[in-house]
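Next come two complexes, and both contain chain A; in the first it sits with chain B, in the second with chain C.
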Partner chain A sequence: MYVIIAGSGIVGFHIASLLTEGKHEVTVIEPSEEVVDSIHSQLDVKTVLGNAATPTVLREAEVSRANLVIAVTNNDETNMLVCFLAKELGAAMTVARVRNPEYTGYFVSAAKSPSAPRKIIRPKSLGVDLFINPEVEVAEKIKGVLSSLYPSPVESFADGRVQIKEFRVNEGELTDKRLQDIVFPHPCVVAAILRGGEIILPGPDEYITMGDHVYLVARSDSMDEFGGMFARPQRPVRSVVFYGGGRIGFLVAESLEKQEIAVKIIAETNSRCQEIAARLERATVLEGDATDRDFLIEQGVPSADAFVAATESDELNILCSLLTKSLGVPRNIVVTNKPGYIPLAEEIGVDLAVSPLLQVASRISHFVIHGGAIAAPFIGGKDLQVIEFVTSATAHIAQRSLTEAGLPRDAIAAAIVRDDKVTIPPNDSVIRPGDHVLIVSRPSATPAVERLFK
Partner chain B sequence: MRIKVVCHYLGLLVAILGFFMLLPLVWSILTGDPVSAAFATSAAICAAFGLLLWWLTPVGEGKLSRREAILVVAGGWILASLFGSLPYALAGTFTSYTDACFESVSGFTTTGATVLTSIETQFESILLWRSITQWLGGMGIITLFVALFPILGIGAAHLVEAEMPGTEAGRLTPRIRDTARAVWLLYMGFSALELIMLLIAGLSPFHALTVTFSTMPTGGFTGTNLSIAAFDSVFVEGIVIFFMMMAGVNFGLFYFLLWKRQARQLLRNPELKVYFGLLIVVSLLIALNLSADLGLSAGEAFRQSFFQVVSVMTTTGFTTANFDIWPTFARAALLMLMIVGASAGSTGGALKVIRLVVLIKYTYNQAIRAFNPRTVVPLRLGKAILSDRVVSRVIGMTVLYFLTLIGGFLVMSAVGLDHETALSSVIASVGNVGPGLALVGPAANYQFIPPLGKIVLMGCMLVGRLELFTMLVLFTPSFWKWR
Partner chain C sequence: MEFHRILVPVTGTESDEEAIRLACRLARRDKADILVVYVIPIERTLPLDAEMSGEVETAEAVLDSMEGVAAAEGCTITTDLLQAREAAPTIVDEAVEREVDLILMGASYQRRFGQFSLGNTIPYILKNAPCRVILFHQYSP
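Then we have the complex of A and B:
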């Protein structure tokens, strides 16, 4: 597959690195010569120097044969223009990162039919197939975790009917039992176990030990009942402290406010505080430094139910959340731009580290999988991928059972959804065209899985 | 630095080399000469050593760093030269091992300087192996390696860049492996075409093979004492001239022409214009010089001068005339062409036309700034503007090139050669040309040079083939520190 990436900031660079690991052909367009040099010493990609929003540069990058163009420069307008031009010049699929919500969510009523509001910006007419907004994605993820009883991330599939959720094992009841001996309240599949930074695809006689992260696939409506088996549920979040005056904190705070949850936001500069205070109605906005222990105690942070660190600095975020943990805040969430920090942070006591970057990678990764994948987020860092396939009539696997088709060793089928019926774990009946099949696989096995659905 | 990883790839490389020894082995069996045992043993040694090294040093995941890549490339060329000399040593082609090594280095680096005093008395299979080493070295053994094996992402890019410096800008495809494949495919295509044409021209299969294997890499070995002059055929000379000229062109341009159908790239390339311009202008000047001084007819003068100019400028080293007995101007002009060399991204060696162009433009800009320091004059190359960093890299490379020439010249003088021989032997070695002037001229060979001199020249050839830096960084202490 041939992919062009316009802009090589943190997001662009990491997408390029993920794609080259998957043996895809990648060209990066970047206006800065220094950045181009550093890309060259790290990635096996072609680079084109210049402004991606110009036809000459795009043509030099051979946009006409591109299967996917990902525009992730710092500028929303540039990104949309890149996609528009790329589409006109023959690119098959385009993705633009657009941060400003006005572009994607502004509706007007058309003069002819006042009853039917429509978006001013319609992606199709702009040539953009997918808008992505990393901050919004991360905010959604944090919201999901805060509103659940367990501080762990979740991904939904098949129109929300099936979920995969991560649980931390910290209760004695299940530990040191074999998987096949555990009685689950509902049908489910233990898709993977993360132990000591390493992903295990468990067999039936795998043991569960204290400190494991268990990835469980089950119907969405029964998911919360599993939680109690692995860990003691925490009390619902009633108060949250945010650190950082950036967009992520603001977005989460705004929606939590509506749920009647008490919110405090700590920001470092007075001007940013003023701005946030003006836009949020009930939140308490504090000007100060969250590495200051006395300041935190004075502001009552220790009695909060959750602490979210979302400043620009990854290191600061991790440090502050450790500090609040020591002060007695039961949940802490850290936003980090460096995926390499995630296992490290979770190792030293951060409950959840989320990365805008991995969110973006998760959102677009299914585009590079052939064979009708409609979602393929990464879970547990980037070592495991959950792929939702829609079986086509010509697929290799259609009209065969799973054992007959032969899944690769590093992949398991976790669920089959036919019409409204969810089968977990999948039985060995024949897979029909139109079935949604959920596969959990290591990235290295993904190409082999792909072939089954091609 | 992980020595184990380096050894892993070097092992594989040596094993591949052993595989290519099978071709002369087959030839040896077909012609029934007594050196087939030498080839069989050499191939077995290469395979055993290579595969054992490869097997003993398993590598897991992990990328090849730039440092490791440089070591693989430098070590790969040295090992290839050493193992490539085995057939000569085992067949007893030379009396000393230094000579066997010299011939092997001269082969792989596509220099084409020989220490054989008589070529036609050698076994055909040995001569074929000489030409095969040139063919392997021409487009680069490491590049072939990258094209063949599905390795290492960025590591592959580091390898190719260390072998063909300057490809950073000339990467043709998003994945470096595809680039390596494309250039090798072009190279093989040209070689096949030349082989067929030479056969049509009436050469025996043996001569057609050896000449082909030495033309496309701009090598210069033949199976005859008199080089191409031995065939005494205008048709053969024409074919060889054409393919030498093609081998001296940036292969990226062919790629754009054939894969991307962009003839514009070819026609508007500033380097290509200067390359052909120089070939024609210098040929005409030398032809004038020849007909004035030696009294040759215009046609004969041009025929001789054109062949020699193309051969020397592309750093091939084939000859149809002994240019050492030519008038002084012709000899000097040829010596200068040996320094200029062919285009970047071609199989030719020496400084490269593009660097000459950049240097002249840079000097011109400096001249303008001398009388008006406030003018801002960008350095244009075709449509592109070169940044200061690119220009300074070119200047650094040129300075180093001349320092190498000066150093080599002093050493060769110290071992007792006269000035002309010393200078031209170093220029011809660093530029991978082959024949020089005076005692190392087209009619002579490198046999008489003392062992120390031969070793220095071998170093010059290797350093010149890898465009200096890849070999020379091995001598900087900081390369080895901080593993």
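Then we have the complex of A and C:
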């Protein structure tokens, strides 16, 4: 697949890096010569120097044959213009990073007469097929984790009917048992185990050990019942402390306020405190430094149910989160721009580390997979991908069973959803066109899986 | 008989997909443009400009799915979302305004008072359309 990336900031660079790992042909458009040199030294991609929001530069990047154009410069308007031009010049699919929600909404156009039909102007008519907002994606993820009894990430598929959830094994009951000897309360598939930073696709003989991260696929309505087998449920969140006055903290705080959850926001500058206080109705906004232990105790942070560190500094986020954990806050979540920090942070006691980059990569990853993939988020960092395929009538796998089709060694089928019927684990019945098939695979095996659904 | 612009009104029923497939086949032959329209009916208690976020979401999902069906057939379609008091006159107006030469619509099997019924929209379009109309009846065994 040919992909053009406009803008090579943190997000653009990492998307380019992920795509080159998947053997896609990538061109990065960047106005700074210095940055272009740095990309050349680190990635095997083609670069075009210039402003991506101009037809000349886009043509130079051969936009007419692009399967996907991803606009991730720092400016919303530039990103939309890039997508608009790219679409007009022949790109098949466009994705823009847009932070301002005004641009992603619908509005009703004026009509010729009071009784004439109104045309609804859709964001799509701007030439953007998908709007992505890393901050909103991360905020959604944090909200999901805060509303669950287990502070671990979850991804939903097949219109929310099936989920894959990560559980950290803290309880002794299951340890040193083989998977085939464990009696689960509902049908499920243990899709992967993260042990010592390494992903294992387990067979029935695999043992579960203390500290493992188990990725379990089950029906969404029964997911919480599995949690108790791996870890002790935590009390529902009634109060949350945020560190960092950025958009992520603000978005989560705004939504938690509506659920009557007490929110405290610690920001470092007085002007940001004033700004947040003016926009949130009930939140307590504090000016201070969350690395100051006395300050945290004085402000009652140890009695909070959760602490979310979302400043611009990854190291500071991890440090503060460990400090609050030592003060007795049961759940801590950090936002990090460096995906490499995630296993490290979780190893040393952070409950959940979320990366805006991986969230964005997860949102757009299915566009680079052929064969009717409609979602393909990464789990366990970027070492495992869960792909939801909608089987087409012409797919290689259609009218064959999973065994007949032959999945690659590094991939497993986790669920089949036909109409409203969810089959977990999938039996060996014939896959029919229209079936949603959930495959958990290592990125290296994804091309082989993709071929089955083409 | 040649068609250059085909209008396909959709409502999110199972007959829509077949109608789109049929439109794609006709369009491929004549290199015609396909315009797919979803009309959100607005109750008279609400202003015509009312924000119908839930309905817009449903409509967007239907139009997305139609784009997928067309893509699988190797066609590109243009989609439009309208809100109006009544769907039928809106579709006819749209056909006039866009100068379409064919309206192709799907009809599911429905019963009203124990009798097969086409509802109100289809008969209105059949009567008032400014162009040819193909009605695709979804076979339900």
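Quick note on the criterion: the second predicted complex is superposed on the first by the 438 of 454 C-alpha atoms of A that agree within 3 Å, B and C clash if a C-alpha of one lies under 4 Å from a C-alpha of the other, contacts with A are read in each partner's own complex, and residues count from 1 in each chain.
Assume a contact is a pair of C-beta atoms (placed from the backbone, for glycine too) under 8 Å apart; a residue touches a chain by one contact, two chains touch by 3 or more.
In this text the structure is predicted, and so the values were computed from the model without any measurement.
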Considering only the touch criterion stated at the top, classify A:43 as touching first (chain B), second (chain C), both, or neither. first
Is A:392 contacted by the first partner chain B, the second partner chain C, both or neither? second
Just to be sure I follow: which residues of chain A are touched by chain B in one complex and then by chain C in the other one? none
Touching residues (chain side chain B, partner chain A) in the complex: 66, 153-154, 156-157, 168, 171, 173-178, 387, 389
Give the list of chain A residues in touch with chain B in this complex. 2, 20-21, 25-27, 33, 40-46
Sort out for me which residues of chain A touch chain C in the complex. 106, 108, 111, 114-120, 122, 124, 392
What does chain C use to touch chain A in their complex? 39-40, 48-49, 51, 53, 56, 60, 72, 79-85, 90, 93-94
